[in-house]
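The following pair of complexes shares a single chain, chain A, combined with chain B in the former and chain C in the latter.
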Partner chain A sequence: MGDEWRWDVAWAAARKIAAVVPVTIAATVLGFVVAAAAGLAWTIARRSRSALVRGAVEAAMEFVRRTPLLVQLLFLYVAFPRLSVFAIGVIGLGLHYGAYLSEVYRAGIEAVDRGQWEAARALNFSRQKTWTRIILPQAIPPIVPMMGNYLIVLFKETPLLFAINVTEMMAVAKQFGSETFRYLEAFTVVGVFFFLMSYPASLVVRWLEARFGRAG
Partner chain B sequence: MAGAPAIVDANRALQDRARAREDAAVRRPIVRFRGVKKAFGAMTVLEGIDLDLYPGEKVVVIGPSGSGKTTLARMLMTLETPSGGEIEVDGEPLFTMVRRGRRVPADERHLARVRGKIGMVFQHFNLFPHMTVLRNVTEALIHVRRIPPEEARRRTMAMLERVGMAEHADKYPAQLSGGQKQRVAIARALVMEPKVMLFDEPTSALDPELVGEVLAVIKEIAAKGDMAMLLITHEMQFAREIADRIVFIDGGKIVEQGPPEEVLLRPKSERLKAFLARFRNGMGLR
Partner chain C sequence: MEAGILLLPGLLRGLRVTLEVFVLGAMLALGLSFAVGLLRLSRFPIVRTLAAAYVEFFRGTSLLIQLFWLYYALPFFGVELSALAAGVLGLGLNYGAYGSEVVRSAIRSVPKGQWEAAIALNLSPLVRFRRVILPQAWPLMLPPFGNLLIELLKGTSLVSMITLGDMTFQAMSLRTTYARYEVPLFLLLLVLYFLIATATSAIVRRLERRARVGRSA
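Up next, the complex of A and B:
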């Protein structure tokens, strides 16, 4: 054990950690898909005609946003022992970020002119078709950059899955460290991997912003 | 012979009754406002409107700003709910329905069915900006009326031809002038074949030089269709040419109504006189 940086150790760590990069990416992508779907469902439920539905959704979202993701993950882990830890991680990330994405969707939907709803109603579109054919196609493009930002934030939060025993990059690094007593290289490699993935992603988001403009 | 004239008389009576029934059917209003009230919070906008619109009739509604003309049209389009009274469309209450022998507030299905008989053209067009002109018009045909896409396209092109927009079918609304947008919006409402068309100040958002083309399209539609029309406009000359009847609303009530010449040239109430005085100059009204 020493404090000096060793490239050979770093390479060894990198090879091990690289093997679970797909896990991190899968958790990110699936978590974001769940978040995008849950966020949209909540946003639409928040506009329900039933005050009960509105109140319940509002309360649930408030709770999710006011409590730490780590606590939520541990809660789900304990509450649903039959689910795989990966599934729990995806659901936890999805619900948590869904609550944030719901705000983004809301901004996008509120930016759609009221006349669009009225024209849809005058033409007798059903509620569902009004959403899918008229409102969402206008509400979503402007919020794509914001959603991209949340995708990157969610990606950077995946090391929390380590707490519920998902074998992602952080878990592998920790194990590598405990076996070799070289934590410095292992954790550095994790940081570099995150940077190598999130920096290009942020460039894509910047490009999207230029393309679609900003909203929210 | 005593029998023959009796039979002839009986026959004639039967024919008369059949004709009366036909007349009654023709004369049955397509839209009836019956004591319709509307308040927004504490502010009463309309306090008891009774108005019948007959099939094929063109009724122009005039009145000062804030008198509730738009609100009247929006209630018929089910964009607002009356605070009192009832609107009947084609003999059927719009905002209530019968369920298990009782009259209850209309559900969305009932509203949708009755609403299908009404079309509306808005002051600000409200075209769908993410769709081409063609799709703006086909969209509801395909997804509301469930007309096969090929047929919807055919009907749409015919309608765009009629409003002079066929060559712009592949453009987006942002590429059109205001007058062109409004003509597309008219085609979009018309292609659904409503029994009643509502026009809420269809030209007041337009540059003056574009007003004419839109009014010409509306006149052409009015001349051909057996569709009833309820038009809100400040274009008095146009109102005079197109209207079978003009209705003047002020202070939440119908103050005066009648044939255009009567209402515009021989107003009875002081309020209508005062209202018209503002239009007299340059409107071609003697």
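Up next, the complex of A and C:
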């Protein structure tokens, strides 16, 4: 049968998968940028003065966090047929992890001393200036390690984009497997790729945590 | 409305599989969480290292890759798992790794004096754990376990990609039959997951209240 591990096959799979590493990285980085922005938008909206807005935002965030990313991606895929699958992947990752990052931001914002708000008001800062000049510059640095953690989590979720036909590492591995019937090498190699990228990143985050302490 | 009546029975056919994978996966994950969490506190460095390697490995790779590996690559070693077995095993191993961290940190946060007192009272290791340590660590474990349960429920949707007929799988096949209802179809599917997740978190919250009875803090 020749079922044993074959290095030549593994090497061929690795070369094909390596070629789409940039797609995975691009989806991760762009997805995280969208998540960071969406998270901030969620956070500001849930501090609105209107109770109705607050309630609606909380409910929407809860809905996003309690439903599978895979199904959210499929929903966006059928709902917006005109967008490219890559754009849908980035938006899906961004909205999903934005809801998680919003919790992180909230922890950071609540850790800023009340006196800072009062001082900003006393000095007649506008609402916008209070956020951009006083609160966020103090709220964001302590939460950097936690954001790093979510960056890694988001990276590990990118294989789901394969379900909406994005040609990323998982899709290439699956295709290689079905063409050659060598799923063993294909899926082992793709796993090794993910581990080699995410494990060093997680060590960096742990170092940041040790260096700057945990927030929230 | 019409779409809902048309689509709901098909989706509910997958509900049983989703719940089955969810419950079995959660049981396996809970068992592994305790087993591995305790092994990581072992006196023997080799045991601690092996347990840590398991945790790093499963946290370092993606659930989807683990499921594909168990289902498509394992047969090369002569082990053919059914889709259900591969799904439950993958979910259990993955979330067990995360859960073991919860168990480890909850047990470590029980004050040292409690261990010493239990030893001084000559309680056997089993009684020490069951009657002294666990009752104090359990309330700390419940909230993070609740979050992990929701993550596990969401993770069950990935079993659709290893041919298991869960709700997501049913939606994918309904999509080809009722192409013009595909948007309400996936919206309905999202709502179903939301309802299960909300019920799950209500149950966990009840357990949290029960664990707090007769305890301060």
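Heads up, the rule we're going with is that the second predicted complex is superposed on the first by the 214 of 216 C-alpha atoms of A that agree within 3 Å, B and C clash if a C-alpha of one lies under 4 Å from a C-alpha of the other, contacts with A are read in each partner's own complex, and residues count from 1 in each chain.
Everything below uses one rule, namely that a residue touches a chain if its C-beta (ideal position, glycine included) is under 8 Å from a C-beta of that chain, and two chains touch if they have at least 3 such contacts.
The model shown is predicted, which means the values in this text are computed figures rather than measured ones.
Asks: Kindly say whether there is room for both chain B and chain C on chain A in the superposition, answering fit or clash.
Replies: fit
Asks: Return first, second, both or neither, reflecting whether A:Ala122 touches chain B, chain C, both chains, or no partner chain.
Replies: A:Ala122: touches chain B, not chain C.
Asks: In the overlaid three-chain picture, which partner chain does A:Ser198 touch, first (chain B) or second (chain C), both, or neither?
Replies: second
Asks: Applying the document's definition of touch, where does A:Lys174 land relative to chain B and chain C: first, second, both, or neither?
Replies: So A:Lys174 only meets chain C here.
Asks: Decide which partner touches more residues of chain A, taking chain B and chain C as the two options.
Replies: On the superposition, C touches more of the residues of chain A.
Asks: Which partner chains sit in contact with A:Arg66 here, chain B, chain C, both or neither? Use first/second/both/neither.
Replies: The answer is second: A:Arg66 touches chain C but not chain B.
Asks: Is A:Glu157 in contact with chain B, with chain C, with both, or with neither (first, second, both, neither)?
Replies: second
Asks: Once the two complexes are overlaid, how big is the angle at chain A between chain B and chain C (Cα centres, nearest 10°)?
Replies: 110
Asks: Looking at the overlay, does A:Tyr183 come into contact with chain B only (first), chain C only (second), both, or neither?
Replies: second
Asks: With the two complexes superposed on chain A, say which partner A:Val78 touches: chain B (first), chain C (second), both, or neither.
Replies: second
Asks: After superposing the two complexes on chain A, what is the shortest C-alpha distance between chain B and chain C, in Å?
Replies: Least C-alpha distance after superposition: 28 Å.
Asks: Between chain B and chain C, which residues of chain A are contacted by each of them?
Replies: none
Asks: Over in the complex, which chain A residues touch chain C? Could you list them?
Replies: 3-5, 63, 65-72, 74-75, 78-79, 156-160, 162-163, 170, 173-174, 177, 183-184, 186-188, 190-191, 194-195, 198-199, 202
Asks: Show me the residue ranges of chain B that touch chain A in the complex, using the header's touch definition.
Replies: Touching chain A: residues 77-79, 108, 112, 115-116, 118-120, 122, 124, 126-130, 139-140, 143-144, 188-189, 192 of chain B.
Asks: Enumerate the contact residues on chain C facing chain A in the complex.
Replies: Contact set of chain C toward chain A: 56-57, 59-66, 68-69, 72-73, 75-78, 150, 153-158, 160-161, 168, 171-172, 175, 182-183, 185-187, 189-190, 193-194, 197-198, 201.
Asks: Could you list, by residue number, the parts of chain A that touch chain B in their complex?
Replies: 113, 115-116, 118-119, 121-127, 129, 133-134, 137-138
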